[in-house]
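If you scroll down you'll find the structure; I have some questions about it.
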Amino acid sequence: MKIVQVKAKIISNKKLSGHYWHLEFVSGEIAKSALPGQFVDLRVINGFEPLLRRPISIHGVSGDKVKIIYEVLGKGTQILSTKKGGQALDVIGPLGNGFAYKPTLKSGGAKNILIAGGIGVAPLVFLAEKIKTVKPLILIGARTKGQILCTQEFKALGCKVELATDDGSAGLKGRVTDLLKNVLEQVKPSRLFSCGPHPMLKTVSQIALENKIKAQLSLEEHMACGIGACLGCVVLTKSGYQRVCKDGPVFSNEELIW
Amino acid sequence: MKIVQVKAKIISNKKLSGHYWHLEFVSGEIAKSALPGQFVDLRVINGFEPLLRRPISIHGVSGDKVKIIYEVLGKGTQILSTKKGGQALDVIGPLGNGFAYKPTLKSGGAKNILIAGGIGVAPLVFLAEKIKTVKPLILIGARTKGQILCTQEFKALGCKVELATDDGSAGLKGRVTDLLKNVLEQVKPSRLFSCGPHPMLKTVSQIALENKIKAQLSLEEHMACGIGACLGCVVLTKSGYQRVCKDGPVFSNEELIW
Amino acid sequence: MVKGINPNLSVTIGKLVLKNPVMVASGTFGYAEEFRDLIDLRKLGAIVTKTITIKRRHGNLPPRTCETSSGMLNSIGLENPGIDNFIQKKLPFLKSLGIPIIVSIAAEESPEEFEILIKQLDKINEVSAIELNISCPNQQKDKLISQDAKATFELISAARKLTQKCLIAKLSPNVTSISEIALACASAGSDALALINTLSGMSIDVKKRVPKLGAWAGGLSGPAIRPIAVKMVWDVYNKIKIPIIGMGGIVDTESALEFIIAGSTAVSVGTVNFVNPQASIEIIAGLKQYLVDNNIQNLNNLIGRLKACKD
Amino acid sequence: MVKGINPNLSVTIGKLVLKNPVMVASGTFGYAEEFRDLIDLRKLGAIVTKTITIKRRHGNLPPRTCETSSGMLNSIGLENPGIDNFIQKKLPFLKSLGIPIIVSIAAEESPEEFEILIKQLDKINEVSAIELNISCPNQQKDKLISQDAKATFELISAARKLTQKCLIAKLSPNVTSISEIALACASAGSDALALINTLSGMSIDVKKRVPKLGAWAGGLSGPAIRPIAVKMVWDVYNKIKIPIIGMGGIVDTESALEFIIAGSTAVSVGTVNFVNPQASIEIIAGLKQYLVDNNIQNLNNLIGRLKACKD
């Protein structure tokens, strides 16, 4: 699958809530070949300060449009949030390996469970869309209600959504991984897919191992090149260091060494 | 006279023609004490790339408003041109020593002549405004007609304006210094005031010496601090190196060593 | 949220006690009077003057500054009025501020000039410390004193004999081993180290094919060099036990904290004075807030407290 | 406006003839295959591989990169598959490109490793040149080979005996005198010099009070260091007569021209490959246009042509 660099036209760049933004740009090539779990690498400025591109998961595609959602954290995402529809955005993608999933499950058979932490919902919506027949169960965790994203999108896809918040303002009061434990007492899923903060992924991985369920985890690491050239974004696996940008960002939990 | 640093509210930032822009901001302190030939030092960005402030002459004041006109050349002025009315601009000023001029001349007596090259008109409009009774004669030079600025403003002040362009598209075909030579064959002015490119100022200085007329020249040098602290912006004078930002930007032609 | 503590920002450098660790770097603050309208100078931990020589120096051919990516080059060339004019015309204002004044000095030809300068400054009570600038890249010399451990040791030993005042050695980053030079300073009796001076650099106007500086080359400063400076402070902190005054690309509280956590007892604010004259004052307030937020009573408990990085 | 001339961009480095002076810097271009989708690799003057060691190296603890002002730090730690895997798995694709391939090599423990690597590479026709990386700041050694003139001279002399291929010595900017080291390389028979490797640097997360890199320190690269690199190229160009491959913060035609005018026979494009993969190709076109616009027939007539600056 070919990587392309495009000056993509921005269609819209809107605030969702709080620090969360939704951006849509046009790129037929990327839209055509993008897989759930892959990401794009964005150049937010023409100059060299900030220097590096910013990796952002592909949230979805429709026709020749590519959607991302991002959280404004520092310089780069702040500048990204100032972009206007009609402007050009320098994008490289699609990058990395997506989730290993079965697009069609035996109907009536075991569900997949998708576990998202914060902005980690981004790639999981794309995944939920691609999994036909037996729709996955969605577990979303966040600090507080206002930071829970995409519940409507998941429901529109026909997915059941359960929530957990640290402050109990929505769903279970506690961690999404606590929610996962509760759920696993009833359901025996075929596979877990998760994206979110590192500690959360670590816990999901442990739970998966204890319950002998396969889990696919999407990791983050600081990236310089995004295309596997600099060896900067490595994570420790049973086969040594692997590149999150090229060998990942999705890894199966058995590979990873925490 | 006190220097201030203010976060000034931009009132307007409009394109004049070609690469030339006009910006107006509010600063009572600066407006109150500003003298013709002084400048302000602008921070065009919150970050540190580009690193340094940009020195720009005070083009005029009205009430608590300060006016500048600038040419978009590189990074800094390009960023300045993206500022919108209502935004805050970090300004230090007023800086340097202005022109040494007689605000009121003996009526019927000898005129002053103001010689501007390109964007050099900026401080001279402010000066022309301040010289009462006998209005100065204005000579403006530029590459082509489209780059001649402020003729209307000078005329509105009651000044006679003569032009010179390299391509002859307006006024004399040739240099503004050629125009000056012609003029000096008829009029014997009391004093010359000039602002523009270095080679032009050098010629004006020579003409002034030959004709035994006092001349006040506004120089430019690359500046780091703009307030006399770094000793970066020096120009060679009979009393050694002097700082354009603090001892200038206006120097009398007898002081300067070219 | 502000906790109940009122942290102590005071630090000690040799005999010199500073009410806070924030000073302004030599050559970036003139003689302080240039900033009098813009900030409350009395709030500063200390002021370091532009480097002074015995005779007046006219400095280098302009242009003397040029902008680079997140930095700048300067080739001022130690322009200064000479020690006598300095004492008569510049020192009185500095004295009037009532805060520690550190006078930076340099030799033009022979190291002996340092001795003459030190003897003259030693007599002046209001001079709190003397900074030996043995690292100016703008003197077009083959080798700087601080690029040679032996020369550095000899110069500082000689200086040490001449004054009881706090002696600070300002070092060049253009060396193979900064700790080797720092060690020479410490063993020679220097009270503290100022790290770092500018890095030798050059920028070219490719249209004209000429250097952007009249002196061809100059010294690089600003945020661009911060990682280099922080690393040198950390190296020296782990090998040499005299206090470090850290500098190089400090622009705000966060960047100042990098230097303190890496082992600087005090920090010097340089190039940013040109961009944001308020920076030094903002950093003093910011450091205090950081101590409060992190419930640290005394800034000294932050110096060199870099931990291993783990999840 | 384009004049009638069709300038010659070709340059010669030892035995190595390049159709244009633009190469990609070791470690910033992987093994080229990573960029195959993004640019036409055959247009490059040459490709320098990631540094190879005898045995596979796993590299340093992550995080391995962090952003700095107009630059970045890296502490990859020479992760590479080892020479045998390189030859089997990576070299075939590089060979297939039909452009000069420069293999960068380094020793982990003893200099003798260089000899083993050179003997192995000497046999391979498609290896056009060998770059001796004696300047990697990420090997946590006390002293790099290229920080010691004698060690440098000995290593390169030994290497010289083993191959007729073009030998390039890659030097560290963390030295007191770059020309001293460059001279050692030239006298030992090095065909060319690669200037500069990254500068040792460190960045600190002040909230956690930990280094931003897992290896604590790393190498600084990008536009931030360009003035330092240009100055070193200029210094060496004026003292040593073997060709220089200039690098350090090249991002576009203008910055590449700075290095050529300062005395670089070729330029190496590094960090910018991560930001704008097209940079090297754009620079090749840009250099050609500059020669046309300035009516210069041959790029060699631009090398080192820095003039004194006057109005």
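In this document, chain identifiers A, B, C and D correspond to the written order of the chains, with residue numbering beginning at 1 in each.
Just so it is clear, a residue touches a chain if its C-beta (ideal position, glycine included) is under 8 Å from a C-beta of that chain, and two chains touch if they have at least 3 such contacts.
Just so it is clear, the structure is predicted and the values come from calculations on it, not from any experiment.
Chemist: Quick check for the class: compute each chain's Cα centroid; which one is farthest from the centroid of chain B?
Modeler: Farthest chain from chain B, going by C-alpha centroids: A.
Chemist: Distance from the CA centroid of chain B to that of chain C, rounded to the nearest Å?
Modeler: Distance between chain centres: 37 Å.
Chemist: Any idea how many Å lie between the Cα centroids of chain B and chain D?
Modeler: Chain centroid spacing, chain B to chain D, equals 47 Å.
Chemist: Measuring from the mean C-alpha position of chain C to the mean C-alpha position of chain D, what distance in angstrom results?
Modeler: 33
Chemist: Which positions in chain D are in touch with at least two other chains?
Modeler: Residues 63, 68-71, 222-223 of chain D touch two or more partner chains.
Chemist: Can you list the residues of chain B that touch 2 or more other chains?
Modeler: Each of 48-49 in chain B touches at least two other chains.
Chemist: Based on which chains touch which, is the overall arrangement a line, ring, star, complete graph, or other?
Modeler: Topology of touching chains reads as complete, every chain touching all others.
Chemist: Residues of chain A touching chain D in their complex?
Modeler: Residues 2-5, 43, 48-53, 90, 92, 221-236, 240-241, 246 of chain A touch chain D in their complex.
Chemist: Across the complex, what residues on chain C touch chain A?
Modeler: Touch list, chain C to chain A: 69-70, 311.
Chemist: Okay, in this complex, where on chain C does chain D touch?
Modeler: 63, 68-71, 73, 143, 147, 174-177, 199-206, 208-214, 216-217, 220, 222-228, 230-231, 234, 249, 254, 257-258, 261-262, 290, 305-310
Chemist: Touching chain D in the complex: which residues of chain B?
Modeler: Touching chain D: residues 48-49, 198-199 of chain B.
Chemist: Tell me, which parts of chain C touch chain B in their complex?
Modeler: The touching residues are 27-30, 34-35, 37-38, 50, 58-59, 62-72, 74, 76, 79, 222-223, 251, 271-278.
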